[in-house]
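I've put the structures underneath this note.
Here chain A shows up in two complexes: once beside chain B, once beside chain C.
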Partner chain A sequence: MSQPLLQLHGLSASQRDGRKLGRPVLKDVSLHLDKGETLCVVGRSGAGKSLTALAVMGLMPPRDMAITGGAIRLQGEDLLNANPKRLRQLRGPRMAMVFQEPMTALNPLMTIGRQIEETLAGHGVTARRERAIEMLKRVGLSGAARFHAAFPHELSGGQRQRAMIAMALILKPLLLIADEPTTALDVLTQKQILGLLRELTAEAGTAIVYITHDMGVVADIADRVAVMHHGRILETGAAADVLAHPQCAVTRALIAAGTDISVKPQNKNLSGEPVLTVEGLVKTYEAGKSLRRNGETIGAVRGISLSLRSGRTLGIIGETGSGKTTIARSIMRLTDPDSGTIHVGGTELTALSGLRLKPYRKKVQIVFQDPYRSLNPRRTIGQSISEGPCNYGLCRKTARERAQRLLTLVGLTEDVIDLYPHQFSGGERQRIALARALALEPLALIADEPVSALDMATQATVLQLLRDIQEKTGVAIMLITHDLRVAAQMCDDIALLRAGRIVESGSAAQLFSAPQTAYARALLNALPGRPAKHDNKRRASG
Partner chain B sequence: MSPRNALHMLSIRSWYRPMSLPRGMTAASVSAAAVLAAIAALAFFAPFIAPHDPTFVAPTVRLQSADQTYLLGTDSFGRDLLSRLIYGGQVSLLIGLGTAVLATAAGMLLGLTAGYFRAADSLIMRAMDAMMAIPSILLAIAIVSLWGASLQSVLFAVAISETPRVARLARSLTLTARSELYVEAAQTLGTSPFQILWRHVIPNALGPLIVLGTYICASAIILESILSFLGTGIDPQIPTWGNIIAEGRMYIEIKPSLVLWPSLFLTVTVWALHILGDTTRDRLDPKALTRKMADQ
Partner chain C sequence: MTGFVMRRIMMVFPVMGFVALFVFLLLHLGPGDPAAIIAGDHATPEKLAEIRAAHNLDQPIPWQFMTWIAHVLHGDLGTSLLSGLPVTTLIASRLEPTLVLAFLTLAFSTAVALPLGALAACKRDGIIDKLATGYCVLGTSVPFFVVAYFLVLVFAIELRLLPVQGYPDAADGFGNLLLHLVLPVATLSVPVIALVTRTVKTALLDVLSEDHVRTARAKGISEASVIVFHGLRNAALPIVTVLGNIFALLIGGVVVTESIFNLPGIGRLTVDAVLARDYPIVQGIILLAGAAHVLLNLAVDLLYLKFDPRVRYQ
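Up next, the complex of A and B:
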């Protein structure tokens, strides 16, 4: 083929403020993509992957970003100098995009069907309803007519992403840009979505630019790979070559973070006394007031019993909506369980409230999933970290000293104590949240998806920090995660959760090497970058 | 940057942003601040600036036209209009600021309580709804006639009728803030409800309330003028913009400037306060904040 489908030549872009140009965000990005090819663009967050995609679609925010040089050509046609009308004509039949977060990319006030038909109407297609329903069928939404009339909030994350794919592919574009379309989904759904993308694009000969930070996904779907870092392309090549012989350190780090399942070495500390015991915990939500999926209330907990021993890490693994976070919130008494008991250091907590609960609150602490929302933006991190100790009567000066000590413990420096949260990155904020939790010297630490909002490389350092802290302080950790790789690295014991019940529990080594239930096996098989034929090899090495 | 791309930037990307003033600063906001500063200075230094005693009655010079001695002329009692306008600003600004502070404080207290403590919610908010159902001018007239006309009673009357607006906003801000993750984090750290309100909820709810405060300041100045105009406000002896307009009304056919000048002062002050409120709102916009954060 003489002319590539998509060609980026020396594309550069900068942040802008009015007419002033700020920090460059894309530096001399050159890429090409042939018809029907799948190119994975990988890199950490902030590497410029999404910006490249937005530039191709002509969707870069014009107020904040400016293209400063280079060219983008789709079938030889210059996209940077195309007028808005021409770009609108191209979007849909020539190029389309699937976003990371389908809930925010879909209009909550329009039915799925109408949103798909809107795309068709914009390009003058008739028989829109039939085409939309046909497309919904093809993306595997059985009972397409029902989904056609559904609003986005009535769908699960996976279903929404399918609807987005239907919308993107309905005009059979030549180019599909998928920006981390499965990052927010659990592994089983991710596997289905990747399969669906492969199948539909192969049929129509659509080329894909697939943006991800997950090398496992790359191994599954990519023909070629481009590794981005700080707005630059570091390395491009055939997927097999790059995965087998990575040229630069960034690529190697991404591969290491993405495809290894390294089970944590056996924890010798078996004698740890139970610090937190949960028995028969039930929390259901009132019918009609909450989201439902297949008639089951999402996030409900139906009789959970757990025991957390000091110096050990218990992993709670489950898909979205399986009730993981409800367990954490019940233990923290942010929500009141319907029944069951929670013992902390021998005291039953569910009967206590208000001031009588206060002495026990400090014994169990929590690190939340979202480091951007868990710190008060208007308080310095020193104030945030010393808030707990001050509540328990420590004087301000001592609390500040403790905060400084903790900042060093979590790998930051003492002199950042008077800065505000927005001056830190996500990973640093999660360290601060960890320091805040540790400031009360808890017996048990609940970490609710502590790294899922972070990119792979940052994840690794935060997880390492958690391990170090457990070694130093002997704190018991309850790690809530949907990510099996994280669980494998971190946990001594694992409880596998599904629809509010524990389906399998036991030592991590056992679960990863010889899973007992069909569900556990399905989860392990769905891990990206681990095709079924390697199954035996993994079991042997696990 | 290649010339072609520069052209492209100008043609497509920035055509709708013709001027780039510093962010948050517009010609309007700068002049509004200047106007307010001038009026505040006039009112504060009135005894030194005003050319005459605003209450000195001189029947021989009633309804004079503007001249060297009386720069804006005199009213029907021979009092100097300019001096009365300058002193009138004192009352208007006092009422405006006083109401903004009182109504914001009271509304915040009620709104925070309603928003944070579920038990108090319906009780407080239904009372606020009931107050909002009465037109604020009627409510103010009722309160003033109950307590008698004086500066304090007018101040309280206006503040009370503005309070429900603040309470509503404060409640909704509190409801938003209390579902924030950092509020839950504070709960797990053993922070008591009052400390949570003080440390976490109030600082994050203050911005919009300050903006509302500037609007309340403006509408309080108008409300006071209306009360004075209707004759239920402050003692007609004391010069206020509303009182001056009310007195000038009888002579509007002979000497329209008696109504025009105080109306102009009133309009300009209220305009400036609104512009200031808009500017503050834009600056406190969470999007502006995140943009600032992204720049850092």
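Up next, the complex of A and C:
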């Protein structure tokens, strides 16, 4: 029997605090990977997937984590006992890694070209510029010379991830570890990136450890799967077997969350009056010398009309840069549209400003994407929630009582009111942000990617909460998302956005069952795991 | 980018305007007659009238300000009450020792603090880090005069290695001048090194915890490259900001150190002017310190352009 490329044997690790060992984070993890094979490691956030990857690379944060037992062998070589110099020699030519968030994973102050060439320089390769440009071409960044000189912030998310892949694969490593490389991207870009990874690794015979929480992706790319939960491997096997006959509840839940599009049942509240109407909204930005889209400005809106009815949820779906957030910002009057009208409860807003706008500001409230940054860290959540009502003349005591009531409404308890944001988890913070938005008793709530910063399990609970609140208060919700599954679960109506225009709109049920436009069909087809899901069903029923 | 540079340069004018207004009002905000303040305790009525006429003090205040600004813009800060010499001449003659001292202090401190802070950050909680942290607390809390006299006692009086004080003319031997500057520079460097070391350490620790540093390590490049090209380079902004502020402070005059080592710089001029109630000189020095702060901050902001491409983009 030939020896596997990578072998983890009984790997265990714990958190550490100085010399003291804390909670175990990896428990007896054993895995193996053959040459050219693709292994998907799946699990919820906190399952230990990324830690396992970092342990292989020798990049576990040494101050916070300690490996307590087991072995990692790459081509038989013991990695845990290799000295730092040897590990450096291995990183790059033998093993490489692609990280989740391509914005923060690239050095913002260094050109893409230099960051790629650095890998080559670190391993004594010459003719670096030529090779870097060649590699940029191969990852599909046409006009490679321009990208070579570009800084990360000048690139879109997908382009950054391509650059990242170029960096990781330039020395043709035997092993590539990809840690949720497409989680931050929209489905079409995700599909392209997955295709690119497959193509480039197949050429060089590179084996992949692909970390994801998305069973749809597993169905698309995996040879074998390992399911992790709480630092342990629950089950492992050939991808088709695990997807068809999951052995444990965690796997079944992951499969259900990843591959099913469950459309929300018909909302009976059809007669809801329009609380927010947008007509002919245009907002363009000055075209810079951006590399992202040729000739098009990012996030521009070119003539959008839509209406939001009370008690209903309107989904605004589109890729990054399609103008979703610009619509939200225009409605909130955080930015001034070039033309078009915005009516809230019958009043035209674009002509108003300053104090005359103030009575209408509270009628539309927003929940932002990132719950870690949208709450003021130096204020208690009680202060944050009651600030709005206080600004509109409510006395402090009443506002505080309202804040307490709202905290209960969003599923927290009254007694947390004097805590600070950092004392809460991401999901709890998004609940707090929701309470803050509801404190002004708005007619309409704009939720801008409210769950995309949260893991799957938390996503589900926050979405459920949004539905409950709509049922109780009748608030109209405009849900901005790039995630079709979220849109399907949540929306009654949908407006599909592309490059600042609505390409398709109508009821959610119709869009998901019988999309009218080619773009809508392409989006639905790009959802990972679609064919596998049908296979799965067929097998299950047959 | 040119837009950014232009906007940033234009901001200098209103800020300097406020500094000038403050300096001007210094005489008028205090209680009593500005003429009496200028004239001192033993002024005769004739003397007061003379001063009022000479300084336009009988005119309305806005008009006084306009004339004063016009003079300042022509490089005329008035004349010293004590010596009768133009304030600009007096300040210019004292600028050299202060600038030399400031520059040497900054250069020496940076040369020590940059590697020290970097080592402390890389080997966190190691022996160097602990020593550096201890030093940072000590260095910022011991007053200048204690450090200065201690250094004088040890190196000048006991060991007789260095001169006690003075600022000889550079024409009489550059080496001799440098010898005289060793102790003042060392004195000033004690807190400056502490401050810069701490800034370097925290800034570098912040950067080293970022995701892109992990990416750099995953590439298999040497740890030294990671620290220098991904760590220190990205930590440059806060470090440069602190260095700029320190430089401005040092130019504003280091009163105690210059007094102890008998250096004829801006700091000594300040002390003399304040003790003699020589208001035009005090005004001139405040204006100079204000300008140093504003211009060095401008320089730092323009350096941001060099260090951070994202600033250029906006």
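Keep this in mind: the second predicted complex is superposed on the first by the 523 of 542 C-alpha atoms of A that agree within 3 Å, B and C clash if a C-alpha of one lies under 4 Å from a C-alpha of the other, contacts with A are read in each partner's own complex, and residues count from 1 in each chain.
Basically, a residue touches a chain if its C-beta (ideal position, glycine included) is under 8 Å from a C-beta of that chain, and two chains touch if they have at least 3 such contacts.
Predicted model, so just to flag it, every value in this text is computed and none were measured.
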Chain B and chain C placed together on chain A: clash or fit? clash
Touched partner set for A:T347, first chain B, second chain C, both or neither
neither
> Does the superposition put A:P84 against chain B (first), chain C (second), both, or neither?
Replying inline: both
_Just checking: does A:Q15 make contact with chain B only, chain C only, both, or neither of them? Give me first, second, both or neither._
first
- Message: For A:Q464 in the superposed arrangement: first (chain B), second (chain C), both or neither?
- Response: neither
Would you sort A:T398 into first (chain B), second (chain C), both or neither based on which partner it touches?
neither
Exercise. Would you sort A:L59 into first (chain B), second (chain C), both or neither based on which partner it touches?
Key: second
Could you tell me if A:R378 is touching chain B, chain C, both of them or neither one (first, second, both, neither)?
first
Ask   = Now for A:H422: first (chain B), second (chain C), both, or neither, which partner does it touch?
value = first
In chain A, both chain B and chain C touch residues 63, 84
Per the touch rule, the chain C residues reaching chain A in their complex are 124, 210-212, 214-223, 225, 229-230, 233-234, 307-310, 313
Per the touch rule above, chain A residues touching chain B in the complex are 15, 17-19, 22, 62-64, 66-69, 80-81, 83-84, 332, 334, 358, 361-362, 365-366, 368, 370, 373-379, 384, 387-388, 391-392, 422-423, 433, 436, 440
The residues of chain B that touch chain A in their complex are 1-2, 4-5, 8-9, 12-14, 17, 20, 23, 180-182, 184-192, 195, 199-200, 203-204, 291, 293-296
So, in the complex, the side of chain A touching chain C is made of residues 57, 59, 63, 84, 87-93, 96-97, 99, 101, 104-110, 118-119, 121-123, 151, 153-154, 164, 167-168, 288
